[in-house]
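Here come two complexes built around chain A, the first alongside chain B, the second alongside chain C.
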Partner chain A sequence: MGKQKKIISLAKIVLLNQVLLFLLSITEKSSAEAKKIKVVSPICTFADIAKNIGGDRVDVINLSDGLNDPHFVEPRPSMIIHMRNAEVVIPIGLRLDLWFFSLIEKSANPKIFEGSSGFIRTYEGVRILEVPEYKFGQPRIGDIHPEGNPHYWLPPDNAKAIAMNIAKKLSELYPEDKEFFIKNTEIFTKKIDEAVEDLKREFSRFEGVKAVQYHKTFTYFADFFKIKIVGEMEPYPGIPPTPSHISQLAEKMKKEGVELIIYEPFRNKKDVEKLSKITSAIPTQIYADCVPQINELKDYISLIRYNIRKIILNIEERENNKKEK
Partner chain B sequence: MYEIKDIFPLILPAFFISLSLVLIHVYFGTKIFERGVIFADIAIAQSAFLGSSIAFLIFHDPSKELTYLFGVLSSIFFGILISSQMEREVVFKEGFVGVIYALTSSLSVIVLSKLGRESEHIRYMLAGNILFVSWEDVIRADLIYFVIGILHIIFKPKRRSFVSEFFFFSTFGLVVSSSVSLAGVLLVFSYLIVPVLTSKLLFSSRYTLLTSYLIALISTLIGFVLSVAKDLPTSPTIISVCILFFFVALFIDSIKNLKKKNQELNS
Partner chain C sequence: MEIAFALFSVLISQEPPTLKGRALLNPDISAIGNIVNQTILQNKIKNEFFTKEFEFAFQGYLYPSIRADIFLATHGPKFGDVHEHGEEETHIGVNLEEAYVSLLNIWGGFSGKVGRKFIEFGKFNPLHPEQWLYVDPPKVIQNIFGTENLIGDGGQIEFLLPLPFLLKIQGGIFRNSEGPFQDIFYSSRAFSSFGISDFEVSFGASYVGGKTEKELSNFIGGDITLNYIKGYTKLTFISEPIFSIDEKSKFAGFYSSLFYSTGRFQVGFRIDGAKPDEEIEDEHTRNKISFGISPIFAFLLTETTKIRFQYSFFASDKPKHTVFFQLLFGLGPHSHVLQF
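Let's turn to the complex of A and B:
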């Protein structure tokens, strides 16, 4: 009897020990993880840039990607948790990602409120295009871009500026890693420059090509790579195409010899194809944000490479079609 | 990724507000159903939307309260119009409500075109998301619902008159304007219409209110659990569960009808 009891109590001690060890391992693990800076980004591109700058010091989460319209993202419960745990947020701003700001507010996490230490002014130093001038008493047109065109992150210059802003903020928060962040920014900038040099060379023959876009998504991108945007399918940003606007646009496209209609995957394809039929401009679906689960779109550099090569491919296809005729 | 216990305190206000929404909307839903004017839900909400867009037309950047006030005033106005016709026959009533819906919709389109904005965008700005509801919102909304609930208990009309209908539709407008701004149009409509229809298919009309409440509460509970467990958008999940129940009820009802027909044929 006594022996049995002893064995049982021994087993209890061993078991207790195991449990304690297990608990210890959990807390150790979580403290190791807690050392990483938690960063939350509304889009994949900012997340990729932050990963490049922060390296293994950051744990970055993106809430949306190139398959979705960043203007309208349906919030999910996990997003609030991510915000609650965030130390740094990288909003788009300019009233594009209102949903992201609602999540910040809902998180009740003072570290990431606008103006707090964890809130990055992502577009600082970026020249914002199409800032409207409001005159008192006049209706405001196209309110989806009330503070200018917010789709600023695609051109390499702006991506570099965003990287700088992220590096600056991370260095402010974690001065002990400042050199690491600055070195990473230099490496990332160099990586962009190399990729862009190649892309510019590949694209040089096509510079000045004329295109129409669905929404004002690619204005900055087109500016940088010297693609001439002749117009948008939306009469005003955020207002779906109307028949009268499309017929006017089609006239203009024929007159100017527009070769491409560029649009994102979530736009109305039928509208694009209809316009393509009347104008013989080629529908060219490209992306405004990276998509982690698609290899050729997995990060920022892959994204701009994909876009430029897709555009080249479609221009060449159009040239071949013409020859055949 | 995250633990359910972390998320619970964050979505508790959303859960409470959906319980309040169930309490008030299912009640109004059954009353609307009794009147045979299901379209009145959409017509009143549309007139609230019209009012809010008029606020945008008059003021450039109207505050939340101002857009709400305009929404309420407009829905009361159209509520009076609808209530003035409630003593007519059902076909005319439903038609009239349809006309009001068409009128408020096209007026909204005209107002928005003057604004140069797209209706979806304004709708997005005016309509709330249940996940973002705060405790303050819960308390404010519950106060409104409570007062209106009490008023409805005190002034229970013996028979319908213009005054009773005016009272009904203006309080209805007040509720819809407030709940749409908190939880969005879709969830509000679903609570108004779907549980009542499901209950009508399955249960005797003596228990309509009670069974509608039960159906709405169970859908909400399941919707919330699913939304948290599978990380789905909350309102659409609740709505889907609600509608799933409706289709199950439809299926059961169809089988019952088939059996009845067979029996009639046999006898």
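Let's turn to the complex of A and C:
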């Protein structure tokens, strides 16, 4: 009996040693990788911009993409570890990514709390549209945009502002690499300008086209490329379409000659198709964020190129259909 | 509570750094209504329609690394009780459910909470009714705590270990007015979670113990959560066995549930294993675990309005059938918890 007990306790000590050694080895490994600046982004577009600015100095972790509604990403507990290790976070703000803020809160990492050095106020200098004016006694409907329209990152001028904000913050935190970040910002800005010049040329014939959107996702984008948004399928941001709202909208669409219904991949397709049938506007699925695993949507520039070309394709299809009739 | 208020006044008297876009002491205010119709068949049919609760949440920052959460709720009747006519308690009082300050970072990975809190024992106990996947709480929770949530006034320290995966440990000291414990009780928990592509697996182990009417009483619980999340589709499995440890450990019961949700609806079931309610003389029969099953269906009317149907069967000497119909609606930022 005594011998057995001794063997068991010896085995326990050996096991404990192994566990401790394992834990030590992984903490060492993580400190060796700590040379890169760890950045955590709530969406693919911000992650892509940060990679363009930070180059090989940054290690960017992205938590969602264009296949998901950025309002309602499920904050997974394992994501907390990315936050704990982060030096910099680039939230969307304006109450869109509350889930991202809840992860920041749980990180116990004071570097990235709001107001701290690693927290980038991404929309600094961006003109926020549709900021509601609350009056006493007036109900607040559509609480998911309480501080104005938070889908500000799609138009190229805003993307450039976001890039500037990231570059500014990284330069402040890592002044030794300031020139590198500035140079990268210039390269990225030029890349955007070139892509936009082409897109604007391709789209010039279609400027002023009228569209309806599902959610207020593409308001800024449409503003930039001169697409006229006539209304939304949602009666208020976050409230699904109601029959009475849709029939009112359909009337308006017919009167104004709306050609397109633009919506993201995660919206209710049946609602869109129904509205399309009544109005003959073409359902046009585009994206509000890049999707790393889809090549033609892999980064920000691909994303806006995809959106504009998809819109052009659908308008041309509509024109052809009309001719055939 | 005194500690919490002392902290409040200290914090308010200090000049805080600027918080752009978020005014100090200008909290988010939300309200959630939880209305239930419950039909119980056990020997005879009893139907009740009641407002389970109206909850008011006040949440905000006192400082960039300090936030406060206050939950007030009207007090509804407890689930599962079959009241005789005229016996219903008509409480209109308002309860302070939770009021705590979270210190998001004390030092190097340590954080903490001070005030009145739902004790972080297992997966279910810390949740408010609007966050439950079910209409009523699992039977084992009601059995061991005698209330729907174990609540305490006190504080806890949490530590996020510096590892490449999530491992959080925490411990707290609380005092409560209702529930099984007489005075001071202790709680601790370890929690870990791993994300592997679209899967998330979480494990937890919890302890709560203190002096009860009779003697020292300790409870240990394990919990496992398995989530598969792909876009709007979500599959969730939760299981939580609980043991009571007095002279020797005894299995107190468990619940397990599996849910599938997609955008607008959620369907699933819960299995309960717990001691039945009936007063039974014989100790052996009294401690026997009985089983129950509850199929559940929920539908999102709008982003912040939800209806839920639940049928529950619990096998015991007097088998019990319950049909629930629930309406949940919310206003304000906290109502996003009503999403699937």
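Everything that follows uses one rule, which is that the second predicted complex is superposed on the first by the 293 of 325 C-alpha atoms of A that agree within 3 Å, B and C clash if a C-alpha of one lies under 4 Å from a C-alpha of the other, contacts with A are read in each partner's own complex, and residues count from 1 in each chain.
One rule holds for everything that comes next: contacts are C-beta pairs under 8 Å (C-beta built on N, C-alpha and C of every residue); 3 or more make two chains touch, one makes a residue touch a chain.
Because the structure is a prediction, the values reported are computed rather than measured.
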item: Clash-or-fit label for the pair chain B, chain C on chain A; value: clash
item: First (chain B), second (chain C), both or neither touched by A:F266; value: second
item: Contacts of A:G238 with chain B and chain C, given as first, second, both or neither; value: both
item: Which superposed partner A:R121 touches (first chain B, second chain C, both, neither); value: second
item: Contacts of A:P75 with chain B and chain C, given as first, second, both or neither; value: first
item: Partner chain in contact with A:F113 - chain B first, chain C second, else both or neither; value: second
item: Partner chain in contact with A:G93 - chain B first, chain C second, else both or neither; value: second
item: If touched residues of chain A are counted for chain B and for chain C, the larger one; value: C
item: Chain B versus chain C as contact partner of A:I144, first or second or both or neither; value: both
item: Touched partner set for A:S102, first chain B, second chain C, both or neither; value: first
item: Residues of chain A contacting chain B in one complex and chain C in the other; value: 72, 74, 76-78, 80-81, 84, 98, 105, 143-144, 238-240
item: Chain C partner contacts - residues on chain A that touch it in the complex; value: 23, 26-27, 29-30, 67-68, 72, 74, 76-81, 84, 93, 95, 98, 105, 107-110, 113-116, 121, 143-144, 146-147, 238-240, 266, 268
item: Interface residues, chain A side, partner chain B - complex; value: 72, 74-78, 80-82, 84, 98, 102-103, 105-106, 139-144, 236, 238-240
item: Chain B to chain A touching residues, read off their complex; value: 1-2, 6-7, 10-11, 57, 60, 114-118, 121, 124-125, 129, 131-132, 134, 227-228, 231-234, 236
item: Chain A partner contacts - residues on chain C that touch it in the complex; value: 17-22, 61, 64-65, 67, 102, 104-105, 109-111, 158, 160, 162-166, 191, 193-195, 200, 202, 227, 229, 231-232, 234, 263, 302-304, 331-333, 335-336, 339
